[in-house]
Every structure is written in structure tokens, then in C-alpha cells.
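What follows is a set of structures to go through.
Two complexes, one shared chain (chain A), two partners (chain B, chain C).
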Partner chain A sequence: MDSADVAIIGAGPAGLAAAETLAAAGASVVLLDEQQMPGGQIYRGIEAVQALRRQTLSLLGSDYAAGATLAKALRNAPVDYQPGSMVWDVSRDLVIHYSREGRSQGLHARHLLIASGALERPVPIPGWTLPGVMTVGALQILLKSDGLVPRVPLVLAGSGPLLLLLAVQLLKAGAPPAAIVETVPRRAYRSAARHVPRALQGWRSLMKGRRWIRTLTHAGVPWYRGCTNLRVEGADRATGLAFHHAGRTETIAADVIGLHQGVVPNVQLTRLLDCEHVWDASQRCFRPRLDDWLATTVDGVSVAGDGGGIFGAVAAEWQGRLAGLNIAHRLDRLPSAERDRQAAPMRAALARERTVRPLLDTLYQPPPDVLRPADEVVVCRCEEVSAGRIREAVRLGCSGPNQAKSFLRCGMGPCQGRICGLPVAEIIAETRGVDLDDVGYYRIRPPLKPLPLMELAGLAADNDPAQ
Partner chain B sequence: MSATTRSARSTLATADVLVIGGGIHGCSVALHCALKGLSVIVVERHTVGRHASGVNAGGVRRLGRAVAEIPLSMAAMEIWHRITDLVDDDCGFRAAPQVKVAETEADLDTLAARAETVRAHGYDHEVPLDRQQLRSLLPAVAPHCIGGLASLGDGFADPYRTTAAFRRAAERHGARIVERCSALGIDRSAGRFRLNTDHGAFDGALLVNCAGAWGGEVAAWLDEPVPIEPIAPMMLVTDRLPRFCDAVVGAAGRPLSFKQMDNGTVVVGGGRRGVVDDQGTGTRLRLPELAKTAATAADIFPIMAGATIVRCWAGIEGRMPDDLPVIGPSGTTPDAVHAFGFSAHGFQLGPIVGAILAEQIVGDRGNLPLDAFDIRRFGSCKTDTA
Partner chain C sequence: MFRRIDDAVRPAGITIWFEGQSLHAQAGDSLAAALLIHDAGAFRTTPVSGAPRAPYCLMGVCFDCLVEVDGVPNRQACMIEVRDGMQVRRQHGPAGVADDG
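Right, the complex of A and B next:
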């Protein structure tokens, strides 16, 4: 089995920054990422876009272009970067199994940095499983990877910065959405207002938001605010979006509906490792418990970036460097005084990045009917389990997501509960009348994503030459 | 609201029967005792069905049982075929042949000898299969498979659903099940048991040890330690495949348990083991070992080469040195009985063992032979530690 000082999972801003830091300290680093190119979510495809599709580069904006620096640093650093590697198991003794080019292999690392980023929060509204409904993230991936924009009537619905960012990007690409249907309630603006003074320290983010809003309003994109009761219309595919707005029910015809309610940490790897997690009430998600150096409760495992809590791409990069410094120190490649000296300005920068979060978290708190959908809404898509059946199982004694698995098979499908984990936990907590911390989350089992049986079988041959 | 405050306030909770462990056996004994009009309290450290009983392969098989287990297994099978009558839920039970496949001539010899042994003891449920008969039961089997052994009246069930159904049936008949409650020790005085737990103490006339892989701890409290080994058999399940197999399949020459569920997913196990973690309540997989299970499945059913694995897991089970469970009265303590250490094949026995223990508790000896399961067979163990 191969081995390395450090294995990093995820080549987004956090993983790239950590790889650079650790390589500079002389550690042997293997960087694994499912994608074919560095960049993660925010800088997805940056190298190809920069080299081949200058037009896409300009419409994606300067934040996106900033990723080129990190990608270039990776290419210049002595890092064993293995693109196209899907990590499907990690054990507490830090053996990592991943699938690459149709073959699975193991890697032993002395330290593991999880930089696997965020996932979009699922938006289980009536009709969300119909063809034609996508997440805003998925639409953006089409744009980044393939330069594709849907040339059909499209509605963007929900809340969060990414919703507005994509609207701006589509507008620049000449395919503005037919409408933006925003679910931020009016009172959220009032409660968010008290966070504005602090957020001003991170004024750059605020300016960016204002610019987006101005661009969209100028272009005359119809923008419905304070909407509730969203419902996708259509029998066997989406034909439009219905919602309540200003006391009336509106319907907008559309072939594609992009839903979004923010992003949440992707905790599949930290759950698989049984790291301790805490419920974050302001971001309404679980995140791994991390110390000052971003180490988890499992020895040798750290988390940098949005996988440890949503703070955005710039923070992810700083966190990657910070975690990298500490791992270098633990590998005896950096004295603690030097580590601390280098870390100080990074901590300051991180603190600045965080100032805008209370504002964003308050403003973009998902509405209750998305967090805990109505009985008839399907929550687990893989096994088609509705919210009502989960509530009924709770009344029959199902006390947590793992029992729900056994009762209803929900979370047992190919997505491994990635999509339904949070709503299932929220529904159970609500029905039982207890805290999310008491309810917990799915026990995650390998493989993290579906794995061809023959790839697993291949591990036997590799380890047993007699076979 | 918490059990601690409740038991601190009120007097000691009391029942005729105290059961340690909420697996299939604890729930079954609770149900059968409740059916006899006894009051029952079950304490379960985690949640009902959290361990072996909820995560096993669901094989309901008589095929290949140790000879000593055959009478129990036959009696259990009768209950399985009308399980709804007992627990008011079909437990996902499907009648299906259990087939053991021979891949080599040596395998065929092994199976023929086995069939002979079973016949010699007066049973006829295990029947040898030739090449053709094997294919009529398993049309998708690989060409190199040359025969087999089958028990046609067996089947499989949904393990968690089954355990939950026994639990609910027990509760309907008045049993009380206390989850997230760990038994920590036993005091015996004036002919009664005081079961100490992390949520207060319980008082009872009779004590049943259904603590599964942890049954040895309870036996040690009764001063009769046993050589039990916690093991972690591994399983995997695939994505849905078109229907190709209606039987539950094993192999004569290597570990395998294989079945296609109603929804098309295929569940594969067979006893290759992962590792029980240091706390004794969690497991780790050994992927190179599980890889062999995957390879075996694909060897015997070529269609599996195109399957995709959705999930792998392991469960914790107590294994005895002779691979037979401990069932029956304590050797040291009156009014205490055991049913643990089922050595990776106790699911099928769940419905009957509870019935046997309930009989014993009310003083019936019953007519099923239980000597092979007596805890006193490990008598030397006690002198070892003394």
C-alpha cells in the first residue's frame, strides 16, 4: 500500500492552500479529488476556462478568476495530485481507499486533512423530484465545466448568495432567469439589521452583494421577495413554479427550476470516521467539532474549509494554510514558535472573513417548510420516503435517523443519506420535541459513493498474491 | 422526564422477569413471557435491534445447522412460516430455498457427506442437487458450479423489522422495554434479583441474559464466566439488479451468504470478519477480507460483475468455541437463564428460543433437547479464572 505524510481530500481552496503549505514545509503530500481538475466548487474548471474559454471566465467574475493563482501554485509544488480520485472509505488508522480510473486502491497517511467542502442544502418542496428541477449549484456546474446555459425559461427560487450569483452569471451569459423567487421573509431583514455593523468589517462581501442586486434590478429581472409555499407545478416534468407572494398565489411558467437554500458542510467523511459533531443552530447543520488548529476529535484528522462550517472560499483558503501549518508542526517540520508566528496574520484574516457570517446566516436562514417539509413531500428521493411516513415512524418508536433507516429504508439508497440526512434529522427532532444534538445523524458506512463490486473484489487480488 | 429521576423518585421498578438485551432473543423471550401473563422489563443499552439482530443477513435457514441445533431450527421454521400469527407483522419473511453450491468435486463430496449425516439423524430437509437441479433453482449460477445441497422450505426475513415486530408485540402484551439503559451488575438477596443500571435499579424474580456478544459479562456477574469471542461478520448490499435469484445461496467451499431482496438489491455476506473496536460496541471493516466476499459472489453469479455496491457494514456477534449458543438455566444461580452467544446463526432461532425460555421460566421442561447448549459445558473456564 502506498503511504504519505499527509493525504488531503479535496482540491478546492482549502485543500489547495494546505497542499501548498505542507509541500513547502517538505512533507510528502497526496492530494485526492474526484474532479478532473483543481479548483473545488468555487474554482471548478478554472484551468480549462482560463486557457480555452476566456468569455466564460469574464462572465464568471473576478472571484472565480482568483482561483487561477491557487491552481498554478499546485502545479509548481511537489504534490502528488491525483485528480479523478473518489475517496470511498477512510478508517481511523488513516487508511484511505479511493477509486481512480476504474480501479480502487489503498493509501496510508500519517495525517489526513479533509477539505471536502460543502453540499447544497436539499430543498424538499412539493414537486422537487420532477425532471426539470435542478439545484442552483448543478446549474452553475454546467456553466463552469461546459460553458452551458439553459436557453429555456428558467426560474431561480430560494435564498442565499449563490442564488443571486448564478442569476448574475446567467444574465451576463445572455440567458437571464425569467424570475427570481426569493423566500427571505421580511422580518429576516429586520433581524439581520443588527448584524450589519459587524459585517461592515467584511465590507468587500457586502459591496459584492450590493453590486449583484443592482445589476439584477437594472436588467429588470422580475424579482419576487418574501415568497412562501413554493410548489413545483407539473405532472411528469416541471412546467412552472407556484408560490404565495404579497397575499396572492402566483405561477410562473418555466422548464427549468433552479432551487437553492444555501450550502451545508459535507460531513460524510467526518461522520464515517466517527468524529464528534455539533449542531450549529445558526447555520442549521451539523459540523465536526474542531479545535483552534482545525483538528477533529479523531487523532490525526483535521478539517479545513466549508466542510467544517460555512465561511466561504476565502476563509477556506486561510483555514487550509492554518491546518497545514499545524500538520507540518506535528510532522516535526515546523517548530511551534514558527507555526504560531505564521499563523497569527492568518487568524486575523479569518476573523475578518467571519464578520459577515452572522448577517448572512440570519438573512438566509431556510424557511421552516424547507427544513421540515409537509407530510406529502418526498424527503428521501432514493427510497421515495415522504415526510409524513417519517413522522409516523417516530410515533411508532423511531427515535433517530438510524432507526428511520431500519424502519423505512430512508437514507439507504445510493446517495448514502447525503441528500436526506438533514431534513430527516430535523423532522425527527420536531416530532419528538427534542434537540437536534439528541437526534443525531445517520451512521455513515462505506462506500461513500456507489462502487462497482469488481473494484472491491480487486482489492483482494492486490493484497493476496496467492489468489 | 429522564429514567434516573423517575426511579429515584418512585420505588424500585419491579417485574416477574428482567431481561438484559433488546435483540431478537430478548424481545422474543419478553413476548413469550408476557403471553404467559408474566410481567417483563427489558433493558437495552442502545436501541432495540441496534446490534446483530437488526443488521444481520436475515437468513432463515435450517440448511447446514449443527446437528444439535436441528430440532430447534425445525421448530423455529414452523413458527416462521406463520410469523404473522405471533407478532402481527410478516417481518418481511419470504419462503425460499436455501442452497449451498458445490464448485468442485471435493465440495460435492463434502455436501454428500453432510446430507448423509443429516439423514442418519432422521431428518430429510437437506437434499442433494445435481448440476441440472442446481440450475433449475439457480438459473444464473456460473457454469463451473456442479451441484449443491438445498433445504427447500427455508427463507429469509428483514432482520430489523422482525426484531421491531417482536418488540412491539411484547409491548402490546404488557412488556416494558427500556432503551438506552445499561445493566451494570446484579445483586441477589432474599431470592430476588436487583439489576443495577445507569438509570436506576430494577427488581425481579427471574433474570434472563440475552446480551448477545456481551452475554459473557452477564454470565461473569453470575460467577460463571465463559470463553466468548466478539466477532464482526461483514456484509454488503448492492444497487438494484433485475430479478435473477429466488433462493438464498451459500457455497460449500468458501464463506458466502447471498440473496436478492424483493426490491432487487443483493445482500452478500457469509462470515468474513471485520474488527470489533476497543470499546466493544463498534466495528471496523477489513476491506481486503470483504473483497474476497465480493469476489466469491461474482464467481458464483457472473451477473454480479456488473453490480454496484451501495453500502458495507459489520455487526457484532458473540461466538462460542464450539459455535453453539448458550441456552438454558444458569449453573450457579437459581432463577437465572441464558440465551446468548449465537455464533452468527441465531436470527432464525429467535422465535423458538424465547418460547423455550418462557416455558422453562414457568417450570416446563419442554421436549426439545438442550443439553448441548448448557453453560456448564464450559465448566473449566471457571477454574481457569479462579
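Right, the complex of A and C next:
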């Protein structure tokens, strides 16, 4: 089995910054990512877009173009970067199994940095399983990776900065949405107002948001604010979005509907390792418990970037460097005084990045009927389990997500609860009248994604000393 | 449902097959993107109710893009690139998960 000082999972801003830092300190680094190119979610496809697709590069904006620096640093650093590698198992003795080009292989590392980023929060509303309904992130992926924009009417619905950013990007691409249906309640503006002074310290993000709103308003994109009761219409594909607005029910015809309610940490790997997790009430998600150096409660395992709590791409990069410094120190490649000296300005930059979060978290808090959908709404897309059946199971004595699994099979499908994990936990907590920390989360088991049996057999043969 | 932005450089055109029909694609496209351009409709039907599904997340999370590629089922169309001559079929029924142990 191969071995390395450090294995990093995820080649987004956090993983790339950490790889650069650790390679500079002389550590041997293996960087694994399921995607074919570096960049993670924010900088997805950056190398190809920069080299080949000038128009796409300019309409994606300068925040996206900034990713080229990190990608270039990777190509110049002595890092064993293995694209197209899907990590499907990690054990506490830091043996990592991953699948690459149809073959599974093992790797032993002295330290593991998980930089697997965020997932979009699921938006379980009636009709969300119909073809044509996608996440806003999915629509952005089509734009970044494949240069595609909708050529049929599109509605963007929900809330959050990413929704507005995509609307601006599509507008610049000549494919503006037919409408934006925003779910931010009026009272959220009032509660968010008190966070404005602090957020002004991170004024750049605020200015950016203002610019997006101005651009969209100027272009005359229809914008419905304070909407509730969203419902996708259609029988075997989406044909429109219905919602309540200003005391009336409106319907907008659309073949593509982009939903968004922010992003949440991807905890599959930290759950698999059984790291301790805490419920974050302001971001309404679980995140791994981390110390000042971003180490988890499992020895040798750290987390950098949005996988440890949502603070955005710039913070992810600083966290990658910070975690990298500490791992270099633990590998005896950096004295503690030097580590602390280099870390000080990074901590200051991180603190600045965080100032805007309370404002965003308050303003864009997902509405209650997205967190805990109505009885008829399918929550587990794989096994088609509705919210009502989960509530019924709780009344029959099911007390947590793992019991719900055996009662109803929810979370047993190929997605392993990546989609339904949070809503299932929220519904159980509400029905039982207890805290999310008491309800917990699905137990995650390997493989993280379905693997062909053939591939597992191949791995067993590789590891058989008799061969 | 989708169209390409007019970028200056165009990679090579290739042909893939979906349910026996030939479709034009570009090298570097994800399989999901190539199918979405051609309005391929449902990518799979669910094992429980037979409901039609198409990509939701495009980042490997939801598994609603599962198709059969060159006879191998359970492939995530959003995570693989097109290859010339690729044979693709809708997936019906359960996704085989190798976690029975």
C-alpha cells in the first residue's frame, strides 16, 4: 500500500492552499479529488475555462478567475495530485480507500486533512423530484464545466448569495431567469439589521451583494420577495412554480426550476470517522467539532474549509493554510514559534471573513417549511419517503435517524442520506420536541458511494499476500 | 433545455448513443450535460414507484442521474465524461449498492 505524510481529500480552495503549504514545508502530500480538475466548487473547471473559454471566464466574474492562482500553484508544487479519485472509505488508523479509473486502491497517511467542502441544502418542496428541478449550484456547474445555459424559461427560487450570483452570471450570458422567487421573510430584514455594523468590517462582500441586486433590478428581472408555499407544478416533468406572494397565489411557467437555500457542510467523511459533531443553530446544520488548529476529535484528522462550517471560499483558503501549518509542525517540519508567527495574520484574515456571516445567516435562514416540510412532501428522494411517514414513525417510537432507517428505509439509498439527513433529523426533533443534538445523524458506513462488486473483488485480490 | 454559450474555441465533436439514438457531444462534456442539451428527458426511473428522475445536483450527491453506460449500471452521468461511441441507457429499478456486509 502507498503511503504519504499527508493525505488531503478535496482540491477546492481549502485543499489546494493546504497542499501548497505542506509541500513548501517539505512534507509528502497526496491530494485526492473526485473531480477531473482542481478548483472544488467555487473554482470548478478554472483551468479549462481560462485556457479555452474566454467569454465564460469574463461572465463568471473576478472571484472565479482568482482560482487560477491556486491551480497554478498546485501545478508548480511537488504534490501527488490524483484527480478523478473518489474516496469511499477512511479508517481511524488513517488508511484511505479510493476509486480511480475503475480501480480501488489504498493509501496510508500520517495525517489526514478533510477539505471536502459543502453540499447544497436540500429544498424539499412539493414537486421537487420532477425532472427539470435542479439546484442553483447544478445550474452553475453546467455553466462552469460545460458552458451551458438554459434555453427554456427558468425560475430561480429560494434565497442566498449563490442564487443572486447565478442570476447575475446567467444575465451576463444572455440567459436571464424569467423570475426570481425569493423566500426571505420581511421580518428577516429587521432581525438581520443589527448585524450590519459588524458586517461592515467585511464591507467588500456587502458591496458585492449590493452590486448584484442593482444589476438584476436594472435589467428588469421580475423579482418576487417574501414568497411562501412554493410548489413545483407538473406531472412527469416541471412545468412551472406556484407560490404565495402578497396575499395571492401566483404561478410562473418554467421548464427549469433552480432551487437554493444555502449550503451546509459535507460531513460524510467526518461522520464515517465518527468525529464528534455539534449542531450549529445559526446555520442549521451539523459540523465537526474543531480546535484552534482545525483538528477534529480524532487524532491525526483535521478539517479545513466549508466542510467545518460555512464561511466561504476565501476563509476556506486561509483555513487550508492554517491547518497545513499545524500539520507541518506535527510532522516536525515547522517549529511551533514559526508556526504561530505565520498563523497570526491568517487568523486575522479569517476573523475579517467571518464578520459578514451573522448577517447572512440571519437574513438567509431557510424557511420552516423547507427545514421541516409538510406531510405530503417526499424527503428521502432515493426511497421516496414522505415527511408524514417520518412523523408517523416517530409517534410509533422511532427516536432518531438510524431508527428511521430501519423503520422506513430512508437514508438507505445510494445517496446515503446526503440529501435527506438534515430534514429527517429536523422532523424527528420537532415531532419529539427535543434538540437536534439529542436526535443526532445517520451513522455513515463505507462505501460512501456504491461501488461495483467487481472493483471490491479486485481490491481484495490486490491485498492478498498469496498473489 | 440547454444551449452552449458561444465560446471561441470548440473542442472536437464526438458521437454518443442514448437508448440507441446517436447524439452529438463535445469532448470534455459531462455525460449529464451532453444528455441535457438534447432534452433526453428522464435519466432513470425510481425503484419504488417508477417515477421519472433527471439530474438534481450535478455534483455527485443525489444519484438521480444514474444511467447504464456500456452495459455497466449505476453510473453517475454527472461525474463521467463523454467518450466517442459511448452506449448509454436509462436506468430502471434499484441501484445495486455493494454494502451488504
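In this section, the second predicted complex is superposed on the first by the 465 of 467 C-alpha atoms of A that agree within 3 Å, B and C clash if a C-alpha of one lies under 4 Å from a C-alpha of the other, contacts with A are read in each partner's own complex, and residues count from 1 in each chain.
What we mean here is this: contacts are C-beta pairs under 8 Å (C-beta built on N, C-alpha and C of every residue); 3 or more make two chains touch, one makes a residue touch a chain.
All figures in this text were calculated on a predicted structure; none of them were measured in a lab.
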item	value
Partner chain(s) touched by A:Gly137 [first = chain B, second = chain C, both, neither]	second
Touched partner set for A:Gly458, first chain B, second chain C, both or neither	first
Partner touching more residues of chain A, whether chain B or chain C	C
First, second, both or neither for A:Leu200, with chain B first and chain C second	neither
Touching partner for A:Ala348 - first (chain B), second (chain C), both, neither	neither
Which superposed partner A:Gln403 touches (first chain B, second chain C, both, neither)	first
Chain B versus chain C as contact partner of A:Leu119, first or second or both or neither	second
Touched partner set for A:Arg53, first chain B, second chain C, both or neither	second
Contacts of A:Pro414 with chain B and chain C, given as first, second, both or neither	both
Chain B versus chain C as contact partner of A:Ser91, first or second or both or neither	first
Footprint overlap on chain A, comparing chain B with chain C	413-414, 445-447, 450-453, 456
Contact set on chain A toward chain B in their complex	89, 91-92, 97, 106, 274, 396-397, 399-400, 402-403, 406-407, 412-414, 416, 445-447, 450-454, 456-464, 467
Parts of chain A lying in touch with chain C, wherever the complex brings them together	34, 36, 41, 48, 52-56, 59, 86, 119-120, 128-135, 137-138, 141-143, 145-152, 173-174, 236-237, 255-256, 381-384, 413-415, 418-419, 445-447, 449-453, 456
Interfacial residue positions of chain C with respect to chain A in the complex	1-9, 11, 28-30, 33, 36-37, 41-43, 46, 48-49, 51-64, 66, 72, 74, 78-79, 81, 95-99
Contacting residues of chain B [partner chain A, same complex]	47, 49-50, 54, 160-161, 164, 167-168, 179, 236, 238-239, 282, 284-285, 287-292, 294-295, 297-298, 304-313
